[in-house]
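The data blocks that follow each hold one structure.
Across the two complexes that follow, chain A remains constant while its partner is chain B and subsequently chain C.
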Partner chain A sequence: MTRVAFWRAVVVLLPVLALEVLCRTGVIAPIMMPAPSVVLRDLVTLLASGTMNGAIVKTLGNVALACVLAIVAGVALGALIHRWPGLRETLEPLFATYYAIPVYAFYPLFIILFGLGEAPQILIGFMLAVVAVIVNTLNGLDSVPRVLGKVARVYRLGPLATALRITLPYAAPYLFTGVKLAVAYAFIGVIGAEFIMSRTGLGYEISFAFNNFDNGVMYPLILLILVIATALNMSLERWEKALLRRRGRH
Partner chain B sequence: MRRTHRPLRNAALLIAAILLLWQGLFAFAGRHALTPPLQTIGYLAALMHTGAFWGHVAETGTAFAVALVIAVAAGLAAGFLLGLNRTAAEVFEPLLLAANSVPKIALYPVVLLIFGIGMPAKIAFGAIHGVVPVTIFTMGGLRNIRPVMFKTAAVLRLDRWATIRSVLVPAALPEIFTGLRIGFSLTLIGTLLGEMFGSQRGLGFLLMTAIGLQNTRVIMAVTLLLVVFAASISTALIVIDRRLHVRL
Partner chain C sequence: MTASPAVHVSLRGVTRVYEGSGSGRAVHALGPVDLDLLAGEFFAVVGPSGCGKSTLLEMIASLAPASAGSIVVEGRPITREVPEGVGVVFQEDACFPWLTVADNIVFGLRRQGLAAGETRRRLEDALALMGLAEFARAYPAQLSGGMRQRVCIARTLVSEPRLILLDEPFGALDQQTRLLMGDELLRLWRETGATVLLITHALDEAAMLADRIGVMSARPGRILEIVRTGWPRERDSRIVTEESFGDITGRLWRKLREESLKSMAGQPLPA
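Here is the complex of A and B:
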């Protein structure tokens, strides 16, 4: 395993090192891209100066909101649709083709409907995230064996107690997959929407810096987004693995 | 689990429900926000009679097609290399999963700086989006092949090329196809996003200009065209995908 970790580090660091050399030797002009070490230094300065705090808080807040809404609505809708096989059958083609549809195409419509505030961006993040949660909730509920429902009836558990003590714990790994996807999709949706049209947030700040040829702000912010998204995804991935391992032992 | 299959009835019901919702939303939100279904279809038909519109469609279509070819070729090549080498797969898998969940839109300024505004930037942006899922699914498909298949190939003394052609590819085909299907969708989304920022032509550009001018009719007509195109191709791909998965 350590050998794998070593090669993984090489695969990540070697291109960074190559970029550093290419930038330092002037093969890549500074107008095109500053050296990775410079980008990192600029990011630290930028974060320390606090000028981007507003944008960071706003973007992360909207991502969190879109994500929480998608998880709550997705699990509730998933449970509802699961109880109603006819509805589920009808919605199946929608779920199957949903991620083929460019959701951003709806963004202009949302701007007209809700104005240029936060709502359209949150809605795009929500729309991208919610279907993944619904689909994984359905898969999770499918995985609960019939016998557990009978056990619940034998113990005379009410619907809430059944959900809390049997269904949710059993479906947890699937629900977690839904949560993981929701985080990634909410991120993609909110930041994408900020890029297309918005007056605040990290996506907007990057566009603004790009239009002003301000590489000292643009590259550090791109790095920041990549680092936050990757760190979130990898920690959720690790958590999911731990959850599955515990499941395996029982 | 019991599951009846009435795909035509389901699709018809779903489309009817969407049209109803759409009409209802129009009644609620009004003429400035959106155009009703029939009028949108009418306007799309009118747009299709103009030469300029087909210029945009051709531009987007070309960019998308080239991006898809690049994404599929690069994804299959990388997926095969990683899928046939255990260590390489273990090294790259978490990196690929991370790359898949990163908002790649954040990279568009870099793509524009490298390629400049125009066709190459759109193609690059589409290909960046599509190549990751094709790689992940191809790699996964090859890694999930049961060991008995490899043993059979060895017993039959197939050489490497024959093993790939007559054992590995058929065995991994369903997974690979799923990757191609998802790669198709993401490449389209990537190409359109690329057009929205780094382009002076194409459907994405048309959408962006319409947003600037608050031209609801154009926005709705172009959105309808894109949704119908994406949904119908994706449905066809899903049907093939399911058949491939059932066969095994």
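Here is the complex of A and C:
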């Protein structure tokens, strides 16, 4: 373990340890929060019982769908906007203010339009994720040296082949940043939407447990979301580092 | 009576004017240039900074439009598409950083649909020729600037172009490597019979490599004089020690000195 990794573990584990002590000594009442070790034990029991399998699959499926749609649409729209400077000039200030708009404020409208099914949840995840992909695609395409465009012409590549074989691969580290953000935003969007406009999914189950004072379900599910999001992000981070190392940037 | 060599590239009245944006005035960057590149010859262009040498090369490759005049390659007027059989080496680093050295070199061959055996043979030859055999699996970021430029040269040469356009390809190399790369370039030129156009600011490089050297004026660049070196086709970097080599570089410099002074006094081109 490197020194940095050691200190990172200390930063994470120390508050958990403090919580454990506070819960075990009764400073924090069990009705407010069980000790982290109890939460972990409850999570293992919950997962082993299989009662949450449907909710887990539903949430992860919707996150994956929102994410894939955001990446495909974001890269395509980013590439399209990059080709038209006028369009970019028009849209860029809107992208800059996009995240100032609370997407959840529109949830009554989404329910009217799409009902209480999965579509509004996926749509909110998609809406949160797609602009991050567009912005990072634009940044990536800006970074492509002009000489590579000339090389593409020497090899007589058309616009699509140039994009697929030269500009997008060159911009990959930026696109990857967009993908990382898309995963995070899709999680936030889908789970957040499940809290307020769903009858299934992890967000709904947490909300349901909260309303029923069921700490034995609520805290383990919060821990589960934390573990999944952190594990995903760390995997993407490792992949990104390998990509950047290849480019000599790390 | 021997037949005169065919003309590979012909330029007539080629001019480049950068139109000023808004109220900015137009900048006459190049021309008119009249020039014939003979099939199989090694032609170098030298000139002061900003005289339009690279623009001239890009116009021949169809990478930049001419404002006036005509450019004919292998008997056909150029279009918006880079003519078939043309390879270009740029002065900037044009390696693909996401591909290994080997994948960079065969990038163009894969599009040509060559048989795997032929692709491998050309790759191995190019790696050996450029001294990159040990680095076939390395990524460009792991190489020096000079080695990356050698990758770009190899990528162009493996396609066996009939017209090779080189825009200051050795700018990133040290002097010894430039001389040795020059030897390799001469060997390839002899073996392939390709026509080579070399843009360079190094008078000794032009004098060593070329059959003929076009000396360009300060902006707007025009061909002021064409110097014939008179070297035999079988030559290498050892000719730099010959007495006539100094005569050629001296002649080039006498012509260029005044133009370079004019260029230094001039205004830079708009971006």
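The criterion applied here is as follows: the second predicted complex is superposed on the first by the 247 of 250 C-alpha atoms of A that agree within 3 Å, B and C clash if a C-alpha of one lies under 4 Å from a C-alpha of the other, contacts with A are read in each partner's own complex, and residues count from 1 in each chain.
Keep in mind that, in the parts below, a contact is a pair of C-beta atoms (placed from the backbone, for glycine too) under 8 Å apart; a residue touches a chain by one contact, two chains touch by 3 or more.
Here the structure is a predicted model, which is why all the values come from computation and not from measurement.
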Fit or clash between chain C and chain B when superposed on chain A: fit
Which of chain B and chain C A:W239 touches, first, second, both or neither: neither
Which of chain B and chain C A:F210 touches, first, second, both or neither: first
First (chain B), second (chain C), both or neither touched by A:V147: second
Partner with the higher number of touched chain A residues, chain C or chain B: B
Chain B, chain C and vertex chain A (Cα centres) - angle in steps of 10°: 100
Which of chain B and chain C A:F195 touches, first, second, both or neither: first
Touched partner set for A:P102, first chain B, second chain C, both or neither: first
Shortest CA-CA distance between chain B and chain C [superposed frame, angstrom]: 9
On chain A, positions contacted by chain B and by chain C: none
Residue ranges of chain B touching chain A (in the complex, touch as defined): 1, 3-4, 6-7, 10-11, 13-14, 17, 29, 32-34, 87, 90-92, 94-95, 97-98, 100-110, 112-114, 182, 184-185, 188-189, 192-193, 196-197, 207-208, 210-211, 214, 216, 219-220, 222-223, 226-227, 230-231, 233-235, 238
Contacting residues of chain A [partner chain B, same complex]: 3-4, 7-8, 11-12, 32-33, 89-94, 96-97, 99-102, 104-109, 111-113, 142, 183-184, 187-188, 191-192, 195-197, 203, 206-207, 209-210, 218, 222, 225-226, 229-230, 233-234, 237
Chain A residues within the chain C interface of the complex: 145, 147-148, 150-151, 153-157, 166, 169-170, 172, 246-249
Residues on chain C engaged by chain A in the complex (per definition of touch): 58, 61-63, 81-82, 84, 86-88, 90, 92-94, 96-99, 107-108, 111, 139-142
